[in-house]
Every structure is written in C-alpha cells, then in structure tokens.
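Pasting a structure below so you can have a look.
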Amino acid sequence: MATNPSTYSPSQSSERKQLQQQRRRLFQETDWTRFDGRGFQQCRPAFLKTGAASAASGSAFAAFGATKVIVSVFGPRESKKAMLYSSTGRLNCNVSYTAFSTSIRGQSSDHKEYSSMLHKALEGAIILETFPKTTVDVFALVVESGGGDLPVIITCASLALADAGIMMYDLVSSVSVSCFGRNIVIDPTSEEEACQDGNLMITCMPARNEVTQVTLTGEWSTAKINEAMELCLDACSKLAEIMRSCLKEAASAPS
Amino acid sequence: MEYVDSLTGFRLDGRRPNDMRQIRGEIGVVAKADGSALFEMGNTKVIAAIYGPREVQNKGQQANNQALVRCEYSMANFSTGDRTRRPKGDRRSTEISLVIRQTMEACILTHLMPHSQVILIEFLVHILLKFFMYFLPKICFLQIDIFVQVLQADGGTRSACINAATLALADAGIPMRDIVTSCSAGYLSSTPLLDLNYIEDSAGGPDVTVGILAKTDKVTLLQMDAKLPMDIFENVMQLAIEGCKAIAHYIRGVLLENTKQLECRRGI
Amino acid sequence: MGEMEVDRADGRTASQLRPLACSRNTLHRAHGSARWSQGDTIVLAAVYGPKAGTKKGENPEKASIEVIWKPKTGHIGKLEKEYEMVLKRTLQSICLLTIHPNTTTSIIVQVLGDDGALLPCAINASCAALVDAGIPLKHLAVSICCGLTESGSVILDPTKAEEQKIQAFAYLVFPNSPLSVLSKGSSAEDDEPIEHGTITSVTHGVMPVLDYFNCLERGRAASAKISEFLRRSLESQTK
Amino acid sequence: MVGLSAGEKHFIYGGIAQDLRTDGRQRLHYRPISVEIGVIPQANGSSRVRLGATDVIVSIKAELGRPSSLHPDKGKVAIFIDCSPTAAPMFEGRGGEELSSELSLALQRCLLGGRSGAGAGIDLSSLVIVEGKVCWDLYIDGLVVSSDGNLLDALAAAIKVALCNTGIPKTTVNLGASPNDQPDVDVSDEEFLQFDTSGVPVIVTLTKVGRHYIVDATSEEESQMSSAVSISVNRHGQICGLTKRGGAGLDPSVILDMISVAKHVGEQLMSSLDSEIAAAEASAEDQ
Amino acid sequence: MAAASTAGGSGGGGGGAGGFGAGDMEVEAYRRLFPLPFYERYLQNYVRPDARPLHRARDTSVALGPIASAHGSSSVKIGDTTMLAAVKLEVMTPSAEAPDEGSLAIEFHMPPICSPTVRPGRPADVAPVISKQLSDVITSSGMIDLKELSLISGKAAWTAYLDIYCLNSDGSLFDAALLSAIAAFSHLQIPLVSLNDDGRVIAVSGEQLENNSTIELVNKEKRKLSFQSIPFSLTCVLHNKYILADPTAEEESIMETFITVVLDSMGRLVSFYKPGGSVLVHSSTIKDCISLTKQRMEELQNILEDSTSAMEE
C-alpha cells in the first residue's frame, strides 16, 4: 500500500471552500431557500423503524434525510465492572461513527462528547429504579452523518429503549435549530450546520412537558431563545407522535 | 556554555555556587484536603495535598500490618515553557511518583495505623424474622494519598515535591519519624552547584538529588544519573545535604509558625 | 510430476523437511515449555496453568485455553491475531477440556526466528509444551506446511523465500494417534482410521480442488515423520 | 464524594427554601471572589480565581499557527481543563478526565460561539497575522487546584480575568517572495498588544435543589441538585451559551425564567469581577 | 440411516439430559439448558429448529447503494446476519514497487450494536481475524485487478477503502462479509477525474463536464471494475456425521467444528479454513463441503445478478 502522504479526497478542493463562503454570505440574507427545498420551519422527512438488530434486546433505525442511525439496547444485564452495589440501575451510552459516515474518511470511531450527551438526555426519562444492580447499554452507530446527528441519535435511542421494554416516564424526542443572522432554521443539514451562527438543541419528554437536555451555542437574545424553544418543543411533540405510531405499528404487526 | 562565570564565580541567575534559590512554604492551600502545602524553590512551584488516612479504596493494593501510601505526580499543562499535552501518566511522571512515594513511606509511621477496627451496627429488618441486630467488628485498612501538582517547573521539581509533601503530611497530622527534606546539587564547569535551575539541569551534567531525615541526619533518597568521580561525588552530595539541612531548618520554622497560629485560633 | 524435478534453493527434495529440533523444559518459571525449530524457524512456547477461573464468556464447565502470540519484533497485528485464533482452536481440540473445568491454561508463544511455516512450527512447539506441562491431551497433533508451486507440484515445509514464490500453500494439522487415549469405539463408526482426519486447515492462495487433496495426502504422509520425531524426543526426555 | 446524613440534607433543603443557605448566603448570592493576575510568569496571561474554597488557575499561551482553511481570517482558540487530584482524590489517574472534558466542552460552547464564528466571546479575527497563512493559536489551560462546587463559573471568570491580563506580542511580517511561501514573522519581545475582552461572557450556573434554584452552589449543595443550567451572559445581556447538567427534566418556562435571572446575576458578577480585576492590576503594578 | 445410533455420540450433555422427556420441561428452557441434545433431536430428522433442511442456507438478500456518499456500497442479509459495506476511493501515489497498481484496504468492524458480547472500546476477538481473512481471500482470488485502479503510472492511483460493518451478528459472519464486499465492489462507480494545472488530480462533476468540454479526463473508460473471478464462500458446522450449512450464532456456539470453503467462479479453491474442532473430518466430508459450496455459489450468483438488475431498473 502506498504510504505516501500526498493524499487528497476527490471532493475537497478550493472550490468547495469558495462554495462554503458563498453559502455563508447567502445565509445572512433574510430570504433564501434551503438547498433541499424545505421551508425554514420544516423538518426533514423522518423514517423510524424498530427491531433493526435482532441480537439486541431492543433496537431502532432512524433516517432523517441523509442522517442514518442505528441504536441497539442491551440489558438490563449484569454490570460490566464489579461496581459498588446500587439500588438503581445504571445507564451506559456509547456513540460511534462508521468510517464512511462523513465526507472525509477515517474520522470514525467513538464519539465521547455525544456519548455523554446521550447519557444526559436519556437518564432523566428512564425509570432506573426498575432494574436495580444491573446496567442498560445503549449503543448507537451513525451509519451516515448528514447533520443534526445528536438529536437523531437521542430520538432513535429512546425508540430503541421502548422497543427493549425499558420503563420510561415518556418517550424522549429531540430537535435542533440553527440560527443564521435573524433567521431560525429547524433541523439543519450538515452543510447548514457548518456555517451556522448558533445552534439550540432541545431534548424533551413531550407528554410531561419537561426538557431533559438543552444546549445552546452562539449569541442569542432572550426573545430569539423564546421563539426557537417554542419551535423546538412543537417539533418535538410532533416527532413524538411519529415515534408513538411507529411503536404502535410494530406492536400490532404480526410477529 | 559557561555555567559559572570564570571571573566573578557567579552562576547564570546571579547565585553563587552554593547558594540556594529563594524558598517559600505555605500550609493549607487546598481547603478540602486533609492536609496541603505549597512549596516554592525559585520559580519552581508545587502544591501537595494529602487525603487520608482513609479506608483502602482498591482492596487489591492493601498491605498487611501497615498503612498504604500512594502518590501521584502531575504537571500542569502550563508548568513548562512549552505546553505539555499529557499532564500525567507518562514514564517520567510515573517514575517521580514512585520516588516520592518511597521517600515519604520511609518517614511515615505506617505501622502505627495498620488498620482500625470499626464497629458497624447493621440493622437487618426482615418481615418474617422480625428484628436482627448485628455487631460486626470490621477491619478496615487505611491508605494515605499524596497528590503533588507542579504549577511551575524550573528544575528541582522532585525536591520541591518532597518538601511540599512533608509540609502537607505534617499539616494532615500524619505521624512521621522525622521531616524529610530534599535538595539537589550538580557539577557544572568543574564546580559543585547547589539547587540547579532548569537551564543548569538541562545542561546534561550530573545531578544529585538527596533526601534526608533532618533530625537523625540519615539519607533516604539518593539519585544520580551521570558519571562522576568518587571524590567529586562526595563533595556534591555533601553540598546537597547542606541544602537539605537549610530547607529542614526553614520547614521547621514554617511548621512552628503554623502551630502557633493554630494555638492562637484555638485560644490556648 | 516426480518430486525430484523440483529445484529448491537449499537443495532439499520436494518432500524433505528441514532439520527438526525440539527441547523441552527450557524455561524454569513456566509450568511447561518447549523450543521447536524447523530450520531457521524457531518458536518457544510456554504453558502456564491450569489456573483457577475462566474469563467471562467462556464455558465454565470446561477448561479454557488462552493463547498469547509474541512476535519477534513489533506489535501484534491482524496476522498474529489470526494465528492466535487458529492456535487456540487447534489446541482446544486436542486437550481434554472436561478434566479441569473452570480453569484457564495460558500458552505463550514467542517467535524466535521466522523462516517460513511459522504457524505449523508454533503449533508443534505448543503441543510439546503442553505435554511438558502435563496438561491432559486426547492425542498429540503435528502440523506441516504444504506449498503448491506454479507447476502444480507439492513441496513440504517451505522456507520464507519459497512461501513468497509459490502459488498457494496450506497449513495442515493432523492427529498423531496410534497410541491415543481415545477408545477404538469412537473411530469405529467411520470407515477411515482417526489419523487420516484433519484437525486444522488454513490455506492461502488459489489452487485447484484436486491439488488441495494432493496436499492433504502428502502432508499426511510427512506428518508421520514429524510424529515419529515428536514421540521420540518426548520419550527420550521423560526417561 | 460528599457523604451527607439525612439531617444534613434536610438542613440544606430547608435553608435553601428559606433563602438562608448553610453558609449564610441568600439563594442568588455568590461567595466572595478573589482574583490574582500574572501568577504564571512564563504564560502570556494568567490568573487565579478563588470562589470560597474553589480555587482555579488559568494560563493563556499564544503560539504561532496556521488558520484553518474554513476560516482563513480567524485565529484559533483551544480550551483544555485539567482537574488536579489535589482537588479531590477521585481525580487521580484518569478519574478526572470525564469531568475535565465536560468542563472544556462547556467552556468552548460558551466562549467560542457558533460554527461560523459568530457570537464568539473572544474576537478571533484579532488573532490573525497574515490572512490564510499565519495566526495566533491561543491555548487556554485551566487547572482546578481545589474544588468546592461551581467549577464552571470559577473557570469562566478565571478565563475572563486571564484574557484581560493577556498580552499578545507585536509582530512584524516579511512577506515571502511568492504568495505561496510561508511568510516570516518576527515576534517582538517587548511590545505587547492588549486583548479586547469586552465581549467575553461570564457563566452563571443555576443549580436546582428542591423547588428552588441557587447560584454558586458548594459541593455539598451540588450533591443534592436535581439539575443545573449553566448560562453564559455577555455585557450586552445576550446569551452566549447554555448547557444543562443533571438528569431531571425541567419545565421550559423554568428554563426561560432561569435565563432572565442569570442575566441579572451575570451583570452583578461582571461588575464585581471588573472591580476585582482593577484591584488586582493595581496591586500588580505596585509590586 | 439409523438415526438412533448417532444420538449417543455426543458429549456429556447427552447423557445428563436423558432423564428429561420433552414434556417435562418447556421447550425454550430445554433449549437453553441442554442445547446439544435439543439439536440432536432435530438432526435425527434431518431438520433444524428454524425448519431448514441441513444443507440449506438461510434467506439471503443483497441491496446495492444504501450509502449515498460512498462510491460503492451494499447491504447484505443472510438470515438475521446483516452487513453493511461501503467502498470509498482516494487518490494516492502508488508505491515504487508497483507503479501502475492501485491498492485495497479492507477493514471489518464489529460495532457494539451488533452483538451483546461486543463492548465499546474493546473490539471483538474475531473482527481482526475476519478482516485478515477477507483481505487474503479478495487479494489472492485475483478478483480485482489492481492495475484497473491505476490512473497515471507512477503518479496517481486509487486506493479503495472497503469498510464492512456488521450491524447484526447471527452466525456465518465471514460469508456475509465476503458477499457484501463483492456486492459493494460490483456497485462501485469510479468517479471521473482530470488533471488540473498544477498537475494534481481533481474530481470532475457532471456539471463541469457539460459547461467545459475541454477538460481532459484521465479515466474515461475505467468507470467499473471488471472481475476476473469472484470468490464465494460457505461456512458449515459439523456435528458427528451431520453437515449443517450456513449456521446461526446458536449453532456455531453449540457445535465446535466449522469449515469455511471459498471457491471462485472458475471452481478453484481459494481457501479451505478449518481452525481446530473435531478430528473426524475425512476427505469425504471435505468433498461434501466443497460440493455444498458449489451449490451455494450458484444461488449467490443469481442473487447478485438480481440485485444488479433491480438497481438498474
């Protein structure tokens, strides 16, 4: 194999940089159309399916536009390390990317930041008291990354947990918005994420009207936060409806 | 490079060959620790914190009939001129951790606290068998953790860490045989030099680090990583021992001052 | 094609093996050890165990076998992982695993020299080391490498240079069992005697199916020689 | 880490409910903050901030680097936080890594703005020397020396103070003959440029204990929290970042409420920091 | 064939289970506790618990192009075993020894989602072994002519990175991985490239071609790989005299002897892999396995053809 470092990937060139700068300029304007033809407040088509991997206790597959995620849930099972006794169960999360998930190859493997974010987003929704001394493992694999990865991972993981029969207070759904100048754009793609001015991600339990996780980057005024949060919460509850119908469908289907 | 000016006999930083850098010790810098101290030798600045004696955390490590002493040495990212990315866990840190641990272990009266007997009262409530009360003597082994953190490294971190650890152990009230102090000396430009700084240390000449038990005048630590004729080595080592004694004198002063303040606060 | 026609760099005939050497109990700390060499391919195997307990995921009702491969230089890679796996499965099939349930036996294989046929050499060394450690075995196993040249003839025990030149080769492991502890009954079910069976086969390179059978046959014939050598060297050292 | 008896827990809850915490503070009061600057001489800027028994040191080093291809007109900033085992024995070995990376991430989120660079607390374009070629890489290293809760606020304050103290060396550029060459940069030893820190936000963490939320929680109080929201506020009252810790869910209206409280508290914190910085600078000049 | 005589040939488990009639215990419990006797009861009737005859492989499906961002991709299902493979091409300078050849880099991954036994941070033991076997089989079978991956002799050549992810593991991993690798390579569409002014190779999009007809393409003809011979594999587990083709994970764990045969489309043997296991494998068994693989090869060829035609429609 050639070990010469003079490598390049065919799609990465100076043109692309220019394109990105153009886009950034474009995003600053008040009126533009999104590249996939969506409106600002329109989410990508969501496809959800449970039971993607039979080896797991529960699993789910989610495809939001180009973002494709598989989550498997194992357990409740024996805790890996002989940890101290715990009257509540433990949750263990891991997020990894495939080698071909992003445009530049080889940036794969474990994603520590997302693993801990996933943990924080889910732990408030799971009734840990129902499986004392044991661990539930939630493993996510991002097959293709097309923007808004973390919200898709969280949504998919909550569906997989439901599929595995883990007790939860409510389904967890998650949506993010990007902010460009004065515009707020829901469910951004990775192209949009690359030039966003700010991002707000909300993870919530819609039926309980509780936010389990929220992150915000960039500079926001309170009014804009208000607007963005409302948008996210609305989308979250709609997403939860889709999740619910997906679960109902799986339950009613002949096994 | 000339490390000692041939005319004046002064070193690069203006010291004479057997001058030590300015030293400063401060007790109680980490509020949450059981004992802590800051020690400065010139620009070298380290913090030591003691946690314990407490129950052994890792049962596999417990030693019989004596307390377990552990030590971890870490360097802050900003402690050296160039940024280091790995603050701990590399070979050098592991080696220094071991050196400090062995040195401090020698002066701590570990046999005085092999284990303590804790009477645990456990209530076992059982619906069918009503009440049971157990009195279980439980042996719990003890460990003492010494954590040293280098804030600035300018040569002689090993010695500074040991001095800081001594102060911190005293602050934590751990019974010790004696106070251990440490100082280094080198041999550059045909002159024995006391308390090398970073530039002198990285000159690659011999560097003798000595640790002594001050009262009994016993050497507990002696390290050198170069070749040196026997008679010169003795001179250099003697110089380092003198340095140790000076530090011991200072440390004793700091401890006395600290005790006086404690007395004051308690109103004795 | 006659075997004399093949030209080998070291002047061997096609079915001639390199000189074999085996010494046992070469390490003092190990429970059993052996050094096996075939020409310049030299492997040192050490056996530790049986130690109490098995790793998680292993069947506690049986003894567990663990193989650790130490290459001559550098770190362990995919090739070494494959060797470990093949070696482990091969040794599992010759050990009487039910005698020491819930124990682990570790075999550490240190490569001292690699001049072709490395895996067979390691298998032979491990087998001798297991005997040295007194681990109960069903029977001995002997391993051989058969190479297939471009012209379609079979050469045995190729050197590294030959391995790189030839079209394909097979690592084969055969049982050595005329004096096996297995009762005759179990092999009576089948028509062929047990020593005609194959324990392990790993091949590299493309070959016609018929040539594979040819390799099997030639390997089996040669394995008798290695068996004989192994038995002799074991007997001489037990006396 | 913090083992509390039922009585102690009750005491903490009760105190917070009655707006009189165990150390005598009210719910929205910070502990006394003490600031030192220039504690690390070999760094370009450094500070030590003590918030009660929480003690952090931040050092800032500037090194020459290359701007990223995506943002040729901006310098780079990297934030690393290290939790020293002196602060707590559980940070021993690799035990502090999880918290360290969590703190680093939260600070990056609050200080560096969005992906496009908008809303960054640190003006990255002032770090560029030659566009697309040379820029300053700012390494912000934080060390937690002693920990008694509210590390994030203390670290953010320390970074703000350290940035005020940071001098970036003046540079003179000799452009190479062809535009593709890497230009020569002379770094001055004497002249330093002061850094514009007006946009650097502070972080206010609101910790929910029982039904109320408090600022600047001690580690005892943190052990009883159900969730905590860290909000970064800048001088213009804009929100620059937000992260949530703790599993329990929060009603969206509570979050909005917290944001407005944080804005108010952040203002006070910022002014008290400003006066502390001024005092520290004055005392540094005296010496 | 006297089915009864074979039941006694099993290990100790067979004797222990003798006391339990099928009616004494729930079927699932019996299956968990005494897996070998459970299987033997089925085997006596030449059928498996999933209703397959012994020599039949599970339902196999191949879908091409599931990963839009890759140059070639496929997903393969053999029963419940699911593989996802994607090929990405990158331009590299070829090595000095082979200036007009490209290179292949094949990696097999078992992410923690695929099986309860794989934990994050610690790769499965078998993953590197299967990785190695796949590279060996694909390189030695000569399926891909590395010269077809060359762009400019000595200057530029493609490196094909094939990453195979096991999404669900239920036995016969190697077979599924090899099939997905072949499918991904057959779906591979090599992008058009041209030389820019600096002499560097750059990608050309269809749009640019229309606008600018002066672009000189380096690889106008070489858009698809032509396969010399395609390797196909079949794994069988052996138990006494029974040969079970295409085992599930359960079968692989109960029966210890397994054989993987790889044949190429010209009928030559690419690999005969039998790591350890029972000794009683004779030439007749070997011949049986090889002929089963031949049958399987025909099935797989049809499945591959169907998937390609489904893609084209």
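The chains carry the letters A, B, C, D and E, assigned in the order they are written, with residues numbered from 1 in each.
Everything below uses one rule, namely that contacts are C-beta pairs under 8 Å (C-beta built on N, C-alpha and C of every residue); 3 or more make two chains touch, one makes a residue touch a chain.
Everything numeric in this text was worked out from a predicted model, so none of it was measured.
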| item | value |
| --- | --- |
| Number of hops, subunit B to subunit C, where each hop joins two touching chains | 4 |
| Any chain in contact with subunit D as well as subunit E | A |
| For subunit A and subunit C, chains touching each | E |
| Distance-maximising chain from subunit D - centres being C-alpha averages | C |
| Chain whose Cα centroid lies nearest the overall Cα centroid | A |
| Subunit B and subunit D: spacing of chain centres that average the CA atoms, whole Å | 31 |
| Length of the line joining the C-alpha centres of subunit A and subunit D, rounded to whole Å | 27 |
| Euclidean distance of C-alpha centroids - subunit B vs subunit E, Å | 59 |
| Gap in Å, rounded to a whole number, between the CA centres of subunit B and subunit A | 48 |
| Contacts with two or more other chains, residues of subunit C listed in rising order | none |
| Shared interface positions of subunit E, touching two or more other chains | none |
| Shared interface positions of subunit A, touching two or more other chains | none |
| Chain-level touch network, classified as line, ring, star, complete or other | line |
| Contact pairs between chains, per stated definition | A-D, A-E, B-D, C-E |
| Contact footprint of subunit D on subunit A as seen in their complex | 17, 20, 24, 112-113, 116, 120, 123-125, 179, 193-199, 204-205, 208-222, 225-226, 229, 233 |
| Residue numbers on subunit C that touch subunit E, as the complex places them | 57, 77-79, 81-82, 85-86, 88-93, 98, 139, 168, 170, 175, 186-187, 189-190, 192, 194, 196-209, 211-213, 216 |
| Interfacial residue positions of subunit B with respect to subunit D in the complex | 29-33, 36, 43, 47-49, 51, 57, 72, 74, 76-78, 80-81, 83, 87-89, 145, 147-149, 151-152 |
| Residue numbers on subunit A that touch subunit E, as the complex places them | 1-4, 6-11, 13, 52-56, 59, 66, 70-72, 74, 77, 80, 94, 96, 98-100, 103, 105, 110, 137, 139-141, 143-144 |
| Footprint of subunit A on subunit D - complex, ascending | 69-70, 98, 101-102, 105, 109, 112-116, 118-119, 227, 229, 234, 238-252, 255-256, 259-260, 263 |
